[in-house]
Amino acid sequence: MARVTKTLGALLALNLLWWLAAVLVGKPVLPTPLTVYAAFPQLLAHQIGWHLYFSLYRLGWSLVWSAVIGIPLGILIVRAPRFGAWVDPVVYLTYPLPKIALLPVVMLLAGLGDSAKIIMITMITVFQIIISVRDAVRQVPAGVYKQLRVAGANRWELFRDATWPASLAGVLTALRLALGTAIATLFFTEVYGTSYGLGYFIMDEWNRLDYPLMYAGIVVLAAVAFALFAVLNAVERRVLRWQQV
Amino acid sequence: APKEIRLKESAAKSSKTTKTATKDVTLNLGTMSAPESIPLYVAKEKGYFEDQHLNVTLQNFKSPKDRDAAVASGQLDGAVSDVVTLAAYENGKLGWKIATGLNGSFGIVSNQPAIKTVADLRGKTIATMPHQTPTFYLDQELAKVGMSEKDVKITEVAQVPARIQLTLDRKIDAMIVPDPFMAIAKSKGAHVVAQSDPVAYQTTILAVAPKLAKQKAVTKRLLAAYNQAVKTLNAGKASDFEAILTKDIGYPAALVPKVKLVHYTQAHAVKTSVLKAAFAYAKAEGVTTTTLDPANVALP
Amino acid sequence: MKLTVAGLTAVRGDQPVLADLSFAVPDRGILAVLGPSGTGKTTLIDALTRQLPSTGDCRLDDAPIDPRHQHLAVVPQDYGLLPWRTVAQNVALPLKVSQHHRLDAAQHQAVAQVMAALGIAELAKRYPNRLSGGQQQRVALARAFAQAPDLLMLDEAFSALDPVVKARAYQLFISQWQARPVTTLLITHDLEEALALGDALLILHHGQGQVQANPLAKVPLTTRREDARYYPAVAALRQEVEASWQE
Amino acid sequence: MARVTKTLGALLALNLLWWLAAVLVGKPVLPTPLTVYAAFPQLLAHQIGWHLYFSLYRLGWSLVWSAVIGIPLGILIVRAPRFGAWVDPVVYLTYPLPKIALLPVVMLLAGLGDSAKIIMITMITVFQIIISVRDAVRQVPAGVYKQLRVAGANRWELFRDATWPASLAGVLTALRLALGTAIATLFFTEVYGTSYGLGYFIMDEWNRLDYPLMYAGIVVLAAVAFALFAVLNAVERRVLRWQQV
Amino acid sequence: MKLTVAGLTAVRGDQPVLADLSFAVPDRGILAVLGPSGTGKTTLIDALTRQLPSTGDCRLDDAPIDPRHQHLAVVPQDYGLLPWRTVAQNVALPLKVSQHHRLDAAQHQAVAQVMAALGIAELAKRYPNRLSGGQQQRVALARAFAQAPDLLMLDEAFSALDPVVKARAYQLFISQWQARPVTTLLITHDLEEALALGDALLILHHGQGQVQANPLAKVPLTTRREDARYYPAVAALRQEVEASWQE
């Protein structure tokens, strides 16, 4: 309950700050919250539901893919050090590549459809997952493996009973970062080969310089993101119960 | 840190020594990497702006979005833009006006041998930026052969180089791009299906901020410098402006010998019929909510 | 099974800890290992269980010791509980892991019995960070006792227990051992404990030591602490220890 | 030494993969490594030194700013829970906003120059730092504060002797992520108001469809990033000595 | 300073641990606290040092106990060493923190002396994760002894030490205490230890307990373990404990 009131308070404060900034700036480029909320009914006419649906669809798949690729890789780099010594430099070399520059290659391989978008978002978020999972697994103290090894645990058991629970908090951090980044990249992945998606919607309104509607889209995006973060937090509270003292 | 401006000046010093006298008016103009911006660069390089007591900085933008962000945030006094975007400026209540029409052009480019004319586009995929001037041009071309947007598949690809690559790889059938991308695509084997005439059909403009629009004397001097540059341009040939073409406009150096500059026209008002059509298009596409009056966007 | 250690040498950091240590524990023997703090008792267990690289030959009967092929059970000095597993799960885990399979009903019952005997049955669902020190140690003990290992190693496994619980834990150990005698290494600082539970004593010092018989070895485990010779033997051992460890 | 050979091996493997991919794709859009390395001499003529200089300048400042803002904020959210209860939802709401959509506002406040770019990169990376530092500080076990509190430690001492060393590994992860992201965002922050910067260079060559030169720029970018990552790793090895068993 | 605890009640999780506990320790008194594992001894320290919310009135002389205003020193059961500080830094830290200032030369020397007396001088530059269990405990002891606290609390602080080192640690405790007597709470499971070091005994059970005098209280600390009555008293205490803890 207390958390809910605090969140509402923060929301109010954020809106106040926004309002203040808008008034101070005094340009259409930063409309006041009131103007933006007034534009909300128009969202329906703009099929906001479908925009949402497509964005969530792309987000969902790309996060699944980056988790499915990134988490095992991050774990393996540490737990299979011989493999890691090869992969680590590869990650460092490829992480900072501007993925947008690879867009032509991705389009060549995957066309213009959703798969190209999902690949792009995955390529951007997977590295964050790899690196933060890797660092989390590295921080697992050696002691937690000892008892299991003495009992004759195989690799899978070491993973299931030590590596995974010990690095779960790190994995959740990684997913949080990936989620935020994935949402923030919609704006340049949803600008080709589609007319749906929140990223498309926001960019399209930007093209029209319809700032109230553009900000309305941004508000929707923020709300969606907040809901997804809340889900992740709920998951975390459940799986990390053992940490509560 | 050394200021980037100084770095540029030292690079440009070969052509002209800068005058030290301070200028009366400082202007910040946004340009696009397209041939319609060439006169501005020429005016800058040859010192025509300085002759008019204008201290002009040219800000090059790679994408219209960045330019429009700068326009909306009031960072620019003028910008190379186009008529449909101007409608968006009106929609955003920015109050920008047209100083002069420019000589930009778009082309429909394809790499499918079967597509020779606009009529061949029926049912084909065309990459462009929807609700923008390129699509406005496409609409008009289609209308000429009795088709409409419904007869083709329009797909958005915001990143121009990606658009070209997709066309070259035949992932899409055709695209609308401006120069110099048209030239680049041609050099890679694509062919131009149709191209707007940069003199007769003018949708690109030099737009100016309301503050500058009100200063009649200054816009006059600006356009005078522009006209001077147009003269110089029309008197010369492409290779005379190699540095501008490669560095600022973005032609690959290898293509410069093949570039044929258009015949640039002196500063002039955009035809009302074009404006009317563009504004109607903007209304139809939902870029604006009301139909704009061409009279409102002319310089006072 | 007979434990034979020959020429065991181990290094911690850059410091030699075990220097060519050799000893043997007969099948079903209980060797109490004593030695000053920091002398290498824990290191001995780590080396035997292959948690630490070492040279030398350590065998159970004829096979080299290998946790993947023999069943080893350890109560480590720091208890080694997994914080993300409940008490019951912690107790069951090595058993489950060593057989690579879930526990059957009989095993579940055995686990529950051991936990009850050590007074931690009602803590079954708690996580380790919500336990007192002595409770944690009892979980570690229960975990070892719930297994039927080939070699049992206890590293100061009774140190955090109060006299009553400790006596109960001794009893449990003795009864378990009598039900299923197992070769045992019992590391302790407590001379009473060494005499009460050990068949033989190894006093480790400077990485070496000789096995000596427990003067009370012939007295049955169950009655040893009531034996008249018990306290005098403690005093004697104390003197020997103090004499040997003063440098 | 072993690390160096492994890295060189990985580099070689990466180039081989690239070469293979290039041969398989067989289009100019993905040139072979040889073609790209052959284009390297041209980089000099294109003033690659200045491009590098400006990118590093912008990267440096934006990372400094996001660290200076993000690390304390991430720590405070946990260590000053009353403050955190307000700030946490604000972070969740603002993290996923597409920062590019705020470009007009940023330009309004900071113009077209370097400061606008630095603000953009900072806005993008600061959230990753906040979230990963926050999560790292949250994972600090309560036990490490006990002794200090009993000794009467004040807030600063608790921070200096417990929070900071305990979450340093997490802070370094955060910086790594921020570094990678910052580099990857150069391509859309260096495309206005400048003709210098690796991002500008790569986008410019892309616009010319000069793929060999574009990839040469990307290779330079990757090399720079790798060097910066190596610096971070060296720092980590030094400050986390106590973890070595 | 005189420690007065009145009506102390504390809860762990949802389980009441200390129930209206009252006792007092006179200035310079040493109270040995005994009690079954899991009864709340560690909780008592946590409540006194305000690491755990509790109700009741705990005072040192007349002021309520507050770590920020009085100087408290604790040897916790889990040693509580900071892994990122070397042994020497760990020993010096609470002293530094409690005076919010660096150590002066005299203090540095005192720290070095305590470390030498406990045999950990040559470990000064090591990090805690490279120490044996007993060595860690000695670091925690040195850390407490290096301070000059108003109230000293030892939570099973000698449990991981071998007899020789333990004797040395007792000696150090006694000589430190004689040089600068300090009110002390000594939690232990070891009846010998309680008798050897305590002035009075508190047997805690079900969250409550009464202070009783140590029969050997009149014998000086230094000679107590040689006293003829020592071992019989241990046996008597053991009987009492066993009687009271069996339910």
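Side notes on the structure shown:
Letters A, B, C, D and E name the chains as they come in the text, with residue numbers starting at 1 for each one.
Simple rule for what comes next: a residue touches a chain if its C-beta (ideal position, glycine included) is under 8 Å from a C-beta of that chain, and two chains touch if they have at least 3 such contacts.
Since this is a predicted model, take the numbers as computed values, not measurements.
Shared contact partners of chain D and chain E, listed by label: none present. Counted as hops between touching chains, the shortest connection from chain C to chain D is 2. Highest C-beta contact pair count among chain pairs: A-D.
Chain C and chain E, compared by their mean Cα positions, are separated by 28 Å. Mean C-alpha positions place chain A and chain E at a centre distance of 50 Å.
Centroids built from CA atoms put chain B at 37 Å from chain A. Chain centres here are Cα averages; for chain B and chain E they lie 82 Å apart. In chain B, the residues touching two or more other chains are 65, 68, 72-74, 161, 165, 169. Counting only residues that touch two or more partner chains, chain D has 27, 29, 104-105, 108, 203, 206, 245. In chain E, 78, 130 are the positions where the chain touches two or more neighbouring chains simultaneously. Every pair of chains in contact is given here: A-B, A-C, A-D, B-D, C-E, D-E.
On the side of chain B, the complex with chain D involves touching residues 1, 4, 7-8, 28, 33, 59-63, 65-70, 72-75, 160-161, 164-165, 169, 181, 184, 188, 247, 250-252. Residues of chain E that touch chain C in their complex: 12-13, 34-38, 41-43, 77-78, 130-135, 137-138, 156, 159-167, 189, 191, 231, 238, 241-242, 245-246.
Per the touch definition, chain A reaches chain B in the complex via residues 27-29, 100, 103-104, 107-108, 111-112, 188, 191-195, 200, 203-204, 206-211. Every residue of chain A that touches chain C in the complex is listed here, in rising order: 143-144, 146-154, 157, 161-162, 165-166, 168, 241-243, 245. Every residue of chain E that touches chain D in the complex is listed here, in rising order: 49-51, 67-74, 76, 78, 80, 82-85, 93-95, 97-98, 100, 127, 129-130.
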